[in-house]
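These are the structures in question, set out in turn.
Look for subunit A in each of the two complexes below; its partner is subunit B in the first and subunit C in the second.
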Partner chain A sequence: MTAELETAEGREKLRKVAIDPVSRVEGHGRVTLLIDDDDQVREARLHIVEFRGFEVFIQGRPYWEVPVMVQRLCGICPVSHHLAASKALDRVVGAVPPSHTATQLRRLMHYGQILQSHALHFFHLSSPDMLFGFEAEVGKRNIVGVAEAYPDVARQGVLLRKFGQEVIRATAGKRIHGTGAVPGGMNRHLSMVDRDALRADADQMVAWSQAAVELVKRLHRADPDLYDVFGVFRSGLASLVRCDGAMDLYDGVLRFRDGDGRIIRDQVPDQDYHQVLQEDVKSWSYMKFPYLIERGPELGWYKVGPLARVQNCDFIPSPLAEAERREFIDHGKGDVVHAPLAYHWARMIEMLHAAEVIRDLLDDPACTGGELMAQGSRGHEGVGIIEAPRGTLIHHYQVGDDDLVTMCNLIVSTTHNNQAMNTAVREVAKRYLSGRKLTEGLLNHIEVAIRAFDPCLSCATHALGQMPLVVELTGADGEVIDRVVRD
Partner chain B sequence: MTAIPGLVVFAIGNDARGDDALGPQLGARIEQASPAGVEVLVEYQLQIEHALDLRGAAAVLFIDAAVGLEQPFDLHRIEPDTGAPLLSHALSPEVLLAVFQRVEGRAPPPAFVFALQGESFALGEPLSAVAEHALEAAWAWLASRLSTAGLLSAVGDAGAQHQQCERAGHDAPEGRAHAEQ
Partner chain C sequence: MSKRFLFDGRPVVFEDGQTILQAARAAGHYIPHLCWHPDFPPHGSCKLCIVKVAGRHVSSCAMPAKEGMEVESNTPEINGERRALLQMLFVEGNHFCPSCEKSGNCQLQALAYDLEMTGERFAHFFPERPVDSSHPDVLLDFNRCIFCELCVRASRDVDGKNVFALTNRGINKHLVVNAESGRLGDTDLAADDLAANICPVGVILKKRVGFATPIGERTYDVKPIHIVAMEDGK
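Let's turn to the complex of A and B:
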């Protein structure tokens, strides 16, 4: 399946359609389709501008700067990078494990990040497609359209985002460029004022998250032929799980399943990730393609993120989300749910879990008092793995005796999902685009498939005047036949 | 959010990305000057929840780097855009106003975009010479106009000022303010 539609024969004779950049995903993405004279799609590729440059940017910096610097990677999930870097560098300062208070505060920050990111994705980026259909007029497929038709949904989405951001501010110190986590622990407690303010809203957030799960379930029930079939393909699953198999988005061991749901690797310590994972390179993409070494690049690729996590764990350790997980698993009727649109359902289950975890952590006295820092023997290397909103995020550093970073390797969730997203694009292109006249609505099908993975393509700039969507139809001679720009 | 209605300034950009730092750098200058009634929010990108930061504001100013600008800076009034599709995870200022309008059920406060000329957005680079010049010119012009009345006056006067420049056969020597609405 991986090679089909990856590279066409006689490419120079085919027409090329570029979707550049993909809209409503972070950063810059580009889809190219090669189409023959009969309008059959012969090749489909998702190209991503990755931030390999950031790893070089980090090298040579003092290690204690890194948890703050890496937040500049991403405007959407800076906290995930902040915490993954801090976890990795705990090893360098010998804080293994960090104090209970530091762990609980970081956990609170992280679940705030999960909540706000998932709320953004569902209510802002994906719900327009899901509520109005993929071929609805462009002007309706946005959050304003959602707000007009579903005012409560839109308002709750905004307030859930705001709550998650407030959790981050209360634990990290600032809305962006937070400094809460440091190598070795945390540098602040949660204040009682912030604790009380957040706690007052926490039950409401749980209730709204439950309503969001219900909304997604309703959409699935209303059109199972679409939701269970659109862009579907079989692949492995990967994520962290807690040692006892529970879902844990902050810490744990790596677990891998094959496409049929069988566990093929479990209990892999985070420090050993490089012994089980390798990254493949393809000549046409800047972004690498990770795979499980023992299965090879053809079979060893996998999905990460909510759809993988909800099915990779044995249970979710919060009651409401666990009940929803069971219903989700039942939906698969004994098989793994692979449909890309089920990412949204799984994402909302995770949002509910995050809301429950936040509520419970706010009642934990460890967040408002206790030892913040731990220390031990100085080390020179550390790996920090965290389940970021979009999937497994790996930070790996080596640090010299002079405290400067000598090596930095980052594998972000979008890289883990690279092969999966490309496969989804090809499946959709094959099913919906081949043999049909291309329209904006049909091209949006491709984008819907990509958006299900919620890719964070790179921390691009967002200066005014950037980020139009350009669709170009190019003839075999390279001449642009048609061009559409969305701005 | 301040209790007193005032001017909310969003300084937008990533300070690790070359000229994208124009917004945060100008925001830092405003914060340092601490003009009365002005609240500065430095953000990477605009998101839906930022609509809630407009509650109680008398006016809002969005400061951001811009590509394709032919002068060092540009100030203009903006209105909610209820029809534009959203691109990426980030909102345009006009769409943020539309989100406010829908969520709050009322018109947003008067809003302005102050765009600064940028040309290079590479990782880890400092401001380009063009951006450095834009920053200095923008601050020199904006510092005395940082209030709701100052901004309204600036866009109100701009049409006449711009017409005068054109009659004289030359453009404004530095940045430009114009009233779009």
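Let's turn to the complex of A and C:
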């Protein structure tokens, strides 16, 4: 492990290299490297430099605004925030449980979100690195380059994402920032017109998702020394699972495994998350560092997201994805797969699962008719946990008698992965960058490691492919020794 | 022989006592407005209904129609001024349309779309205006108040309760509640009072009904305000 690279001694005498901003990820972050006179990396940190303040300005707002307001955290997966908030506030309006129709519609919306976000991340953001190589010509290493060299792959990626977006539109009213879920249920059914149009394409989406899994497997097989080794480190795993251990991305109980795959906590009700999780704060990042209380901040951190979920569940409740999960588990030869690049493989298995779930939900008459709203005795507190595309997302609210929010705590997926991403950055920096002259391609190795986690650094969208990068290597006296510019 | 004036070059017949806005509407011509309401006397505060008559700007809701007038309304110059007024209203308050329950039913938002307002233009004031949630059924969100006084007039003239008032002047003007505590919960406002249902923006809202109507299916999502206003007479 590379924990010693978190804070170097004698920092003022080391040269500083910054990757600012990190590109082809969601939001804004920067990486700083401190390098000694022998070009050895002595410190590596991923900083989250934005401060959003949602937890504070939600306070004092009426609770029924919250599911619509908090989804503005993010442009790629607003549905996750929309649904986590709605689930939490179901408890405030006494809708425990919500109606079957509302639950199925929300599931449909959520799996549409998983499908479109995973497609976006794999095809648009990460496939250029994997298809062309980490140090390939930078002008080619983007989705346009993929479209030129692998037109079928790019086309399927674009259409898979479009399908997921259409599922969201049909259930939430808009592709981005819709208003389908409300505390207590849903405000609309799936129309028959939308149902039929989506159903007509659903089998194709399953087939293309299978092809995407095959593509990732081919990449792994072609270069196992890279895919199984790049940035690898051991850590715990965390996610929701269904009560029977099945993968469930919409609802369930919390399960934690250690780095060897042993279950150390299971069946933790979502309302009790704060009894098992705590957040650590570090002076150099706006993002907190959550950990499992019983293991402490040093040992209790963990990975979330596809790599954790596929290995944390006992099975995936859809046949094609389950077959792929078994093959993935076999790849680990009895051990947990920790390689960051295996995130992509796990992500595509989840995309396949999402496509299967969507196809089956479209045939469920509960989506096109039935009671949308439920209510019961008024509550004052609620926790909503959902498996967002990037990992476990926790929303926690308290609401006063006057209907205004008095407390809001959000632990977003990328926050859970904070320590894991920092560790991956350090592993890659130590192995690939130490002792070498820095190039754009070498620095991209660090970004590749970060991208594998599909981070949503600020839960805010940015313009794809428009992120400039300037890296300066500065001596201890302030003199610029090396400079790399990417326009 | 009926009396006429010209409205954007087209003849409009009117009767003595009618304002320009009333006569134009009766003839099927829409003039943007926020504080005007057919059930109340002209207020003349929002100035959205300004028109140009003989080179002068006048409030069409308050200006009596006169024989032979030449009124300019739907022109780039006048609409530009209306747009500027809207931009000022937006920056004076805290209008976060994305999470406002009134979005799609809000006349301020609908007019901004109709008059093609594409940006704020002026610096935001970001005023501090705490929400009053003390009433069991009605939420009061002062952030969105445009000082049209429709709630004031409805409560005073129709409900007979005098629940609302505007206080202070100029930039310090703001809506207040007529109770010793200053809280809505200490008034006798009822959720079905006209004052609780007349706000053209998102200040006075029924509690616990947020987003029951999906975005995309709301009044001004379906039709622009210049059509809706002529169809429902408001």
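Definition applied: the second predicted complex is superposed on the first by the 465 of 487 C-alpha atoms of A that agree within 3 Å, B and C clash if a C-alpha of one lies under 4 Å from a C-alpha of the other, contacts with A are read in each partner's own complex, and residues count from 1 in each chain.
Keep this in mind: a contact is a pair of C-beta atoms (placed from the backbone, for glycine too) under 8 Å apart; a residue touches a chain by one contact, two chains touch by 3 or more.
Every value quoted in this text rests on a predicted model; they were computed, and no experiment measured them.
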| item | value |
| --- | --- |
| First, second, both or neither for A:F315, with subunit B first and subunit C second | neither |
| Partner chain(s) touched by A:G180 [first = subunit B, second = subunit C, both, neither] | second |
| First, second, both or neither for A:F54, with subunit B first and subunit C second | first |
| Partner chain in contact with A:R72 - subunit B first, subunit C second, else both or neither | both |
| Which superposed partner A:K162 touches (first subunit B, second subunit C, both, neither) | first |
| First, second, both or neither for A:A154, with subunit B first and subunit C second | first |
| Contact breadth on subunit A, by residue count: subunit C or subunit B | B |
| Intersection of the subunit A residues that touch subunit B with those that touch subunit C | 69, 72, 177 |
| Residues of subunit B touching subunit A in the complex | 12-20, 41-45, 47-49, 51-52, 64-69, 82-90, 92, 95, 98-99, 102-103, 113, 115, 118, 121, 123-124 |
| Interfacial residue positions of subunit A with respect to subunit C in the complex | 60-62, 64-65, 67-69, 72, 93, 173-174, 177-180, 182-183, 187-188, 402-404 |
| Partner subunit B, residues of subunit A touching it in the complex | 21, 23-27, 51, 53-54, 57, 69, 72, 75-76, 78, 116, 120, 123-125, 138-139, 141-144, 147-148, 151, 154-155, 157-159, 161-162, 165, 175-177, 456, 459-469, 486 |
| Contact set on subunit C toward subunit A in their complex | 96, 98-101, 130-131, 133-134, 139, 207-217 |
